[in-house]
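Here come two complexes built around chain A, the first alongside chain B, the second alongside chain C.
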Partner chain A sequence: MTPPVVAIDALEKSFGDYPTKRVLRGVNLSIPPGTVLGLLGQNGSGKSTLLKCSLGLLRPTAGSVTVLGDDSWNLSAGVKARLGYVPQEAVTYPWMRVRQVIAYTAAFYPTWNQRLVDELCQRWRLPLEERVGPLSVGQLQSLAIVLALGHEPELLMLDEPVAGLDPSARREFLRTILEIVDNPRRTIMFSTHITSDLERVANRVAILKDGRIAYYGELDELKDRVKRLRIAAAHDLPQSFKIPGALRCEVAGAVATVSVNDFDEQLADHLRTAWSADVTVHDLNLEEIFVEMHAAGSPTLAVTR
Partner chain B sequence: MTLRQLQQVTIHHLSRPKPWSWLLGAVLMLFALYSLADWVSNPPGTTSLTLPTLIFPVFALCLFPYLQVRQHAILWQFDNPQAALLPGYRTPHLLFLLVVAVITMAIVPCTIAALASISPWFLLAVCALLGAGLLFPSMTGLIVPFIILFQLDLDAAFVKPWMLAEGFRLPVLVAIAAVSWRTIGLHAFDASSGREEGTRLPLAFLKRTDWRFGKTAEEKQLGPASRPHWLQLAWNSSRLDRQISRMRNAGVYAKVRTGIARTSSNAPGGALQLVPLLAIGVIILWRSEESISFDQSNWEFMTSTLPFLTLAAALAPAVSLANRIPQMAFERLLPMTNQTFANALIYNALRSSIRWWLVAHAAALAALKFLPWEYLEPPSQSTMTVYVFISLSCLLFGNGAALIGALTPGFFAAFIVGAPSVAVCVGLPGFWSSLNPGQSNMGVLIAAAFFAAVGVSLIALARTNWRDREFGNR
Partner chain C sequence: MPPSAGLFELHPSSGIPIYRQLIDQVRALIAGGRLVPGDMLPSVREVARAAEVNPMTVSKAYSRLEIEGVVERVRGQGMRILEPNTGGPLRERRQEFRDLAAPAIHRALQLGLTDQQIHKAVDQLLEEQAARHSND
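Now for the complex of A and B:
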């Protein structure tokens, strides 16, 4: 069995001594090679902290993270050479020219692919002779992505990488990611709020909620499980109408709209029989699923894969 | 580590123009200042390589590796995860820093020691001690080395055996150098680890927002944190934040102006940090009682120590204002005119300055009580009056220069533009004292009045510039 690229075991991370803020509360994840994992969560749910702990930028308060076989807090140079990271806010050396920053970074990586870098710079129209300081946020982010991809890392971690990009740059970036995904040995973890992007490239999703993993599994499986049911009964439904484990339930007269997190056809058949109702099943896109999962009072998904 | 890495790291460091221009500027300024002092204190026609002229350029040079370590550790390493994740980042960077440190804190001092026929261990130990002290940016850590250097000049009888490393002094100097170099090395090693957490040295200051591009992960999670810094003590930002927030919540927008103006300073807290500094001054002065004429020694103390207090008082609020610029983009949108806002800023800066000046001088005068007064002649009323006049004119001049300097980008802009005030604050009283301590004060009073007038004009200009400053651009 292939060992996981990233193995996160009961990871906890707290900040401050008193009062302590617990950001991650026992996160478990095992990411096999070739996975493109989309990390979703509300603001402050701990996505960036999870990525930083995985990269050894922050020290876990409890639990452990293993990255490519190394403890994340003590990554060897060999493992670092196989990692790429694009932070939420790209920071690089403003007094240097773009060309100089690339040459400087390239010197540290034995597997640097200058041809790929040249191509990406051309594609994203990065001004090689300009200093980094006056670059726009989008250009800076593009440069950070180029620097992270230049050594063709086995594991690429991206923390909201497209937040500062314009729509065309975002499209180019997604195209690049899709090209990278072609390599089955390459693993990508990326957090984003743009669920449509995630749907295009991710094959797995992890949803963080209150510092815990609320769902981790195949994206298609999530879509198969979470459905919206429209129940049109012959008579008015009681206000107390509900389905156990439903994410959300709205009743208006004889019609109820219910989002369920563990849909199967038996449930629909049961509702048809029990309430003499016409039950229609609607697919939800990832954004709708995310919203339903974070609706007030919604339970955590029953199964974490 | 490969040669290519070393080459790229060297280009990386050398392509930064700022530290090199600072280095050059500092050396030139200090050479000019102390050449003047040397010229004043030695008869024309004689050649003398006095201690300050030796040490200050060396000191400026040894600042450079410190700045390199700090800038790279805090700004470019901790705030740049890509750097933290570069495989083999540490070795070439440490090697570069080591080379710079050896040149500036070993080769240069040894060369100067050879030229001046003093023990190289003396300058090696002093430079290493200063370099290590500056790694801990507290009031004491920063000012004490300056004071020691100034006071060394006073206490020639005490210092001379140390300069020649006579007897037991040699092993002491070697030990000081060894401990200091070890501290510098540990700091460099920890600082290049790329970790915000788990370092061996007390590097809490590395997490401070005012020395970073952004907040640390901890600060982001725990909300706005205060940004303690000795130069910021005169302007308590968090207190001002709370006051504005309270007023905003209460809907009393019109009172925000008063809120900014009324925010009190934390000068007493800052003055407390001056105590060790003053204690050192007093001890050294005590030691020097046999080497200098007693009737001048208290005046020497005032002219060599107190101007630093004036300087701190002049620069502190301006630096605090510079730190506050990001918040001002929001504050200036509060319902008041830009002029009112600028008035409040400048008024509060001046008020903080004067408070700082008063408290620091009260502390200094209290320290003077411990002098051996039976040997000393207390300063006359006219001397004190002249000192106060000079000091306040320097305060105004320094304030104006620093308030304008704080408008330019960069944290140290206030210092760079405020450099003339350094020369004035430090040079003018000493220059005057050296020339004619017992003669007519009219010349120096006219000069002080001129500086005060220039200072007031600079403050008025600063007020206009702060009013018209653009906010919101990067």
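Now for the complex of A and C:
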């Protein structure tokens, strides 16, 4: 088997001395090459911290991250040349012109695809002769993405890359991501709140909850597994009505609405017979699944793959 | 004319995984006669571009269709629609039908239909199906 591009092992990260804020509480992830991983989580769930620890921008409190074979806290220049990163807030040089920032960044890398950069600047209508300072948030973000792509990195990490982009620029960005992964050796990790973008481009999803991974696996599998059932029984259901491992369960008279995380047809058949009930199965999209998983008291999904 | 990538209508934000949508649509297009044996499916790249989805997802759907015997992989050309597979042991095919019919029967009984009324409804459906085929 090919070694993972990123291997995160029992990663913990805390901030401050006392009281310590434990942001990551033991994260494990193994990301094979060619993956487009969408990282989801509520605000403050540790997405940025996870990405920064993976890039060696933050030192893990415990555990480790291995990136392209190197320990993330001791990345070699060779591995850095194969990484691209777009931070949540683009840092750049307000006094330079766009063209100059590009030339300045290019000088750091042994290889630089200027043709690709020119093409992207044109597609995203970046004003090459304008100074960076007065650019809009969206333009800055586009510029940061272009700068991260110029050396054609094998591993690209993006921290909420589309937050400042308008819908058409977002679409353009997604198209670019899809073009990048046309090469199966490329791997992308990106955090986002926009589940519809993730559904379009990601093949895997990791959901961070309370400093741990609540789900990691294929997006398709998540959608196949998590379903909402409407159970209309012949008689009133007892208040104690329960389905093991349910994310959420609401009982009102003879009708129960239950979100389950491990659906199969047998479960539906079992419920039909056990309660002589009419059972309908509703598919949930990623946004709905995310909300169900963060409902009060919902357990963490048992299986992570 | 080869089938175009616009053949499919994919909804990434649906609760049904994209690969499953693709499989269902290929099956539906075959059932509706819009794809016939010998037709080539549009390439993975074409579909991914047109629908703006991850090519791996399209490729997964095509592989499943290959495993299910709906299409065959033709080296250097892509995926070709096969003759419909009516083979397989009768026992398996009968079981597949039973799985489909069981929830419908259960519902019919809940609706208060008698066995006889259910039998009659099934017979009617069979007649309608036969009539539709003789019109083709």
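Everything that follows uses one rule, which is that the second predicted complex is superposed on the first by the 305 of 305 C-alpha atoms of A that agree within 3 Å, B and C clash if a C-alpha of one lies under 4 Å from a C-alpha of the other, contacts with A are read in each partner's own complex, and residues count from 1 in each chain.
We take it that a contact is a pair of C-beta atoms (placed from the backbone, for glycine too) under 8 Å apart; a residue touches a chain by one contact, two chains touch by 3 or more.
Values in this document were obtained by computation on a predicted structure and should not be read as measured data.
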| item | value |
| --- | --- |
| Superposition on chain A - do chain B and chain C clash or fit | fit |
| Partner chain(s) touched by A:201 [first = chain B, second = chain C, both, neither] | second |
| Partner chain in contact with A:182 - chain B first, chain C second, else both or neither | second |
| Partner chain(s) touched by A:87 [first = chain B, second = chain C, both, neither] | first |
| First (chain B), second (chain C), both or neither touched by A:96 | first |
| Partner chain(s) touched by A:283 [first = chain B, second = chain C, both, neither] | second |
| Which of chain B and chain C A:70 touches, first, second, both or neither | neither |
| First (chain B), second (chain C), both or neither touched by A:49 | first |
| Which superposed partner A:224 touches (first chain B, second chain C, both, neither) | second |
| Chain A as apex of chain B and chain C, Cα-centre angle in degrees (nearest 10) | 160 |
| Least Cα gap, in Å, left between chain B and chain C after the two complexes are fitted on chain A | 27 |
| Doubly contacted chain A residues - partners chain C and chain B | none |
| Residues of chain B defined as touching chain A within the complex | 2, 4-5, 7-9, 11-12, 15-18, 76, 79-82, 84-89, 194-198, 213-214, 217-218, 221-222 |
| Touch list for chain A against partner chain C, complex | 34, 36, 171, 174-175, 178, 181-182, 195-196, 199-203, 219-220, 223-224, 234, 265, 269, 272, 278, 282-288 |
| Complex interface listing, chain C residues touching chain A | 12-20, 45, 48-49, 52-57, 60, 99, 102-103, 106-107, 110 |
| Interfacial residue positions of chain A with respect to chain B in the complex | 15-16, 21, 23, 44, 48-49, 52, 55-59, 73, 75, 77-78, 80-81, 83, 85, 87, 89, 91-93, 95-96, 100, 103-109, 144, 147-148 |
